Amino acid sequence: MSGVVVVGLFDGIGKAAAAGNALRALPLDEDRITTLSSVPLPDGSVSRDTRPIRFPRVTLVGWFAGALAGLALALGTYLLYPLITGGKAIVSVPPTLIITYEVAMLGALVGTLIAGFREMGLCRFRTRLIHDPRIQEGKILLCARVSGDEQARRAMDAMKSAGGIDVRPEEGEL
Amino acid sequence: MNGSDHLSRTDPGALYRELSRSNLPATRRWYAVTGLLLLVTLWGVGCFVYMMMTGMGVTGLNRPVMWGALIASFVFWIGLSHSGTLISAILRLTNATWRAPILRGAEAMTVFALMVGGLFPLIHIGRNWRFYYMLPYPNSRQLWPNLRSPLMWDAVAINTYLIGSLTFLYFGMIPDLAIARDHATGWRKKFYTVLALGFRGSHNEWRRYHVASTIFAILIIPVAVSVHSIVGWDFAMAKVPGWHSTIFAPYFVTGAIFSGLAGVVLVMAVLRKVYRLENALTTVQFENLGKLLCTMSLLWGYFYFSEFLTVWYNRNPEEWEVYRSYGGHFLPLWLSMVVCNFVVPFPLLCMRRVRRSIPALCFVSFLVIVGMYAERFLIVVTSLARRNDPFIWHNYFPTWVEFSILAGALAMFLLLYAVFAKLFPIMAVSDIQERLFQATDRVVGGTTVESIARPEASVEGGHG
Amino acid sequence: MNIKWAMAIDLDRCTGCGACVVACVAENNIPVVGEAEAEKGRLMQWLRVARYWDGEYPEAQAVYLPVPCMQCERAPCETVCPVYATYHNEDGLNAMVYNRCVGTRYCANNCPYSVRVFNWFDHKWEKPLDEQLSPDLTTRSRGVMEKCTFCIQRIRRAKETAALEGREIRDGESVPACVQTCPPGALLFGNLADPHSEIARKLKDPRRFRLMEHLGTEPKVVYLKRQKGAGR
Amino acid sequence: MLDRRQFLKLGGATAFASLFGGCDKVQRTLIPFVIPPENYTLGEALWYASVCSQCPAGCGIVVRVSEGRAKKIEGNPLHPVNRGKLCARGQAALQTLYHPERLSRPMKLSGARGSGTYAPISWEEALSLLMVPLKKVKAEAPASLLMLTEPMRGHAGLVAGRFMKAFGSKYRAAWDPFGADAMLSANAAVHGVRDLPEHDLANARYLLSFSGDFLETGISPVHYARAYGRMRGDRETIRGKFVHFGPRLSMTAAAADLFLPCTAGTEGIVALGIAHVMVRDRLTDASAVAGRLADDLFAYSPEAVERRTGVHAHDIAAIAEEFARNQPGIAIPGTGAATGPDGAFHCAAVALLNVLAGNVGKPGGVSFPNRAQAFAKYGPEAALLAPSPESGYAGMRDAIEKMRGGAFRMAILSGATNPAFTLPPSLKFGEALSKVPFVVAFASFLDETTSQADLVLPVPTALEAWGDDLAPVGHSGAVTLCQPVVNPFHDTRSVSDILIAAAKELGGEPAKALAWGSFRECIEKAYGGPGGEMEKALQRGGFFGESSSPRSAARTGNIALPKPAERPIDGDPKAFPLALHLYPSVTLYDGRGANLPWLQEMPDPVTTAVWRNWVEVNPKTAAGLGLADGDGVTVTSPSGKITAHVAINPGIASDVAAMPLGQGHTRYGKYANGRGENPITLLPAGETYALQATRVALTKTKLATRLVRFAHPEGQWKISNLM
């Protein structure tokens, strides 16, 4: 999805919101507009997140994968090394539950971490990503992925007229 | 919000500079302090190596006191690790607004306390160089761990908790690392660039970041509870009078949170003082921690009383001998436990003046730390020293080797913390920014109060 | 043949003389720790003769209680070992595999009888005292737990002899060193699973009791109470 | 799993295969850690029979030998004395063989006399050093040779006795600190037999012990302990009852059904009180107590006895009745009663009870086997092979006096009884020995006595030597044979071998008297030589077949009761409030076991102390003196002063301080030295070797050492928690 991204810095959420509205009026699809900011902005204040958040399912998958691994570890130990201890049965349930539970939680945590990273699009060190460190001074970087020079020009106009600073087209991924 | 054109009421750049003072280039004093800590750590390591080469006999352990100060410290440090992540997770979930300044420090405490605490079982085993016998991997010796052993439960649980806490700490730190990256120059720039993993603050990132944080917070709470429950079960599973008690799991968790809170107070006070974070860490945070501490003191007192009552009423001779020794050989220890954990802290913490005075709160927290260490020591040692067969009773006192290792562990914890604070954002800058962003002053009648605007609760689904 | 080794200790016969202790030390390569270590509570003897006082002068009494490993049927020590260093062998004994032991000492904590001893140091046998070491069993290195084995090496030898002669092991063919030497014959050892063995008959005695029976460890060491007065 | 034979078979197959098939069959799997190493059996062990020399009881042993090294000592199951059983001291005898401080080479004095510094020399030099003065003494004054030994039994005694006789000296003193002098004279007075009785405990229904120590250190502890066990549990419906009188709750007393503490030194009076009741209540056949005896007994009414002994009158009466009604019963005196200044009186009073109960010569009673019968063929020399179990104290005193007077030009020392340690220092044995110009010691270890010699010759331990033995009790006429169970570990020669060699070199009379090539030859000649019967006997451990016919007691009526000695024990009761009760250590015996680590580390049965000695006192007495358990005290008697630690014994009479013998060595190697002080120091040099001969005072002292005990001071009272 590489292409030209028009970016503009705004020093207030009101201006950014106005620019966002102008972009949407171009028209530009909701999923082509996003913001970069140092604090999370409420959804819909400038841009709206249209992609459903599905990765919590991976947490569930991780949990079950972990549970299976834990169960396999516990049962495998009993069955592969069937040493009688304490005069008790070879397979014992409560320790199996504990091990299963702990490994399941581990699976869920690791699953969430990996899925979270993927979903957030982190760890893309080789791709050129749109960024402007000035957001750390409280600015909001409004980004709009445009197709074609015409759309780019109109988008830049819209941003500039909404009070954007340093409005420019950029090559890179969002 | 409110039509304000400012993201926040303070200059974010200035805010970052204020909160990241710990990351300033190291001063001579910093080198002196960490150097000293390093020396003490190395001394502890040296004593451990000496113990390993000579034998466990250099400790004060004996039959029947086969576990001593090292295991008490294990329980203590694992307990200390509890508040950080647990509190942070609970506060995150409940959206407590005052939480932001203490999150990072508390989470870091969890990780380092776990790292230090997790070393103790390895230090204490008789053949440390064979610790890998406890790892499940195929080998020609036909060795495999016995998962019936509570020690294995412990190993698995602590492992999960350590990984979870590290994840929690790191994940929560990513936006701050991004901020740091954008401010940094030189090698730090590269360092933070790698660690921030390309986080930029896009709307999608923020949204998913919040969801993932919430899931982590949800996941880590049961893990934290289970870890200290299992540490409690290490003891409760044993046929040792004084250990074999059903109340141990919740009792240990309570004690862990209690000591952890005291640890958080101390760490926060030190951070506040050393890095001049008075603006971020205000009396609000301390007072709230004080209130929690007061609750936990009461809760601890309740649990201890419950435990005591059952044994006292039952007068099972085997268990009663353990309690009798509280009035005998172990009286000083028992007194310090009760006084430092309940008798002094509870009434003091009921006073607003004490809660709002940072030195007073630190004093109480220190007492609690001492009291909780005494409690761990008492649980581990006394029960063993008064075993079922009275003929072989034997008392125990740690030797210089054990004291050195304990000192080394404390130094290691502080060293890790000092280095961490030097390299990483010790204040959750983005959380503080977020809070300031959401806050506004509102006139209500004749006064002006801070008002918080909350984004809609947009988290869908937790974990399964 | 089904085997369940057991020991009977007749407290009515035991005089507390300690012959069993030295026999055990001699048989099992048990190190001498010296006065300083003894003071720290680190005697290595696998078998102790506990001496309890009871009553006040002039009715004071000394009660002797020899305590070897109870070889519990439901052994609390076995379940807690993270590396299976101690487990149940085919004869129902708590076998200890020194090689596996990493020294968590959990087993010792979980043993209500406190009969497990730990090698706090590498114990040395001053030359040429090492010549007395029995080749039938190893010496134990530091960091390893050890305990009474019912002299498993003697059982092993007797079993091998029996196997070579193509028969089953006979009652009394193998007894631990302590039982062998006990001057008043207070100790008796045998196969409880064999209804004709001496021990099976002896343990029908109504005086039988087991140490800390309420803990449910099902010890295979059974005591016979002291009697009072003449006659039975 | 492989056993040895399978392994050998496999080994053979492997060797064969490797010739033809190459070496591609290398073992690839390790021995997994699931298998305990004890499941592999290494090599075959051999068992050799011999005799135990850790005390004079003469138990038969079998020694397990593996790869030429002795590994374990067990009782010889065939031996009549111990029937396979063995005590702690016997088990520990193995450590004498491999003791790091054992003498391995002859040594010549290199420093001042008595300094204990020696230089190793060769056997040639050592023998010439021995022979030159020996020849000179033989030529000039043969009567000035002194031989100081422990009592030597069997042919070793014969060799030594003949040697001295042929040499021309009559000064052969044999010293045994726990010799049964008092019991022998009491038996002579009461039974008319000057010998040790055989107590048939196994068949007795009632057992009265007066300070008896028969289960721990008495004449034959294993023999008695085994019989005691049988008395308790071997009969279907009968369980022998055991009542103990004595000032101290000892290990033996602890085994009793009823322990009745009495004032120190009053055991005989209690016995007479019982006798009084038996006569008064006609519980005995009156003919036994005709004449003077009845008059003598009149004074010992239970009430009078209660006043003197502290034992309740009703207890005495009840026990007298029980004793008389439960036939057969036995009354036994122990070391504690026999080693008082009037030990003979106590022993006689106890022996009288056996007579009154009519148990002499009956199963379950007391009998007198004929010990001399085994060596009857030697005629008058039989006494050399089966010496009477006396302490030889008179002989020692005489020898010391003569040494001091310069009567001896040469002394030969041998044996483990260590007179410099076990005799009261006030006898000045060491000083007297230094007056002897040349002293040669035969020893395995340097101790307080042997370290005063000019020449020390290493001897084999009992496990490496030939010999024979006749046990004092329980032998049933059996002669035990000793053989070297292992090749001598060091280059050592036995006393008998050296005496035989010396006799040969001296020529003349001695050479004729000791006409053997070696001591082994002497034994072989005596028992029919190699092959045949002796070989079988060696395998079995001795000649156990023949049993001697018991002698009946020579006297049954008209018994004269010995008068209680009117000598009070040393010390003014005001200055020295406590009677000192010395007893042989259960672990160290007379002190010879003190250098064996196994014994030092075996907790004492009563105090559970290890590695050090102590003084036992009653808790009330201790509290009265301001002493707590474990405190250091100075024990002062009129004759000396030592320090020790207090060990509370709740079952000891309140006017008694008890100490075990055996510790307090100064020159017995690193395991024995510096473990407290020798309580013998407190004893006066009396007419008899009396251990209960003085009173002491205790004063609190700070000591650098601590008394280590196995038992927890609080926990040891909590038996109720356990049962």
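Order as written gives the chain letters A, B, C and D; numbering starts at 1 within each chain.
Note that in this section a residue touches a chain if its C-beta (ideal position, glycine included) is under 8 Å from a C-beta of that chain, and two chains touch if they have at least 3 such contacts.
Everything numeric here is computed off the predicted structure, so don't read it as measured data.
A simple rule picks the central chain: find each chain's mean C-alpha point, then take the one closest to the mean of all protein C-alpha atoms, which gives C. On a Cα centroid basis, the chain most remote from chain A in this structure is D. Among the pairs B-D and C-D, the greater number of C-beta contacts is found at C-D.
Note on chain placement: the centre of chain A and the centre of chain C lie 64 Å apart, centres being C-alpha means.
Computed centre separation for the pair chain C/chain D is 29 angstrom, with centres defined by C-alpha atoms.
Each chain gets a centre from the mean of its Cα atoms; for chain B and chain C, those two points are 44 Å apart.
Within chain C, residues 43, 48, 50-52, 65, 76, 79, 81, 84, 99-100, 212 each touch two or more of the remaining chains. Counting partner chains per residue, chain D shows two or more touched chains at residues 33-34, 710-711, 716-720, 722. Within chain B, residues 141-146, 148, 152, 388-392, 394 each touch two or more of the remaining chains.
Pairs of chains meeting the touch criterion: A-B, A-C, B-C, B-D, C-D.
Across the interface of their complex, chain A is touched by residues 72-79, 81, 84, 86-88, 218 of chain C.
Within the complex formed with chain D, the residues of chain B that make contact are 140-143, 317-318, 321, 328, 386, 388-394. Those residues of chain D lying in contact with chain C across their complex are 3-5, 33-39, 41-43, 66-67, 69-75, 82, 84-92, 94-95, 97-100, 205-206, 215-216, 221-222, 225-226, 228-230, 232-234, 236-241, 249, 251-252, 254-255, 257, 259-261, 322, 326, 489, 586-587, 597-603, 605-606, 608, 610-612, 618-620, 650-652, 654, 675, 706, 708, 710-711, 716-720, 722-723. Chain A makes touch with chain B in their complex at residues 11-15, 34-43, 46-47, 49, 51, 53, 55-57, 59-60, 63-64, 70, 73-74, 77-78, 80-81, 83, 85-86, 88, 92, 95-96, 98-99, 101-103, 105-106, 108-110, 112-113, 115-117, 119-125, 129-131, 133, 135-140, 143, 174. Interface of chain A with chain C (complex): residues 81, 83-88.
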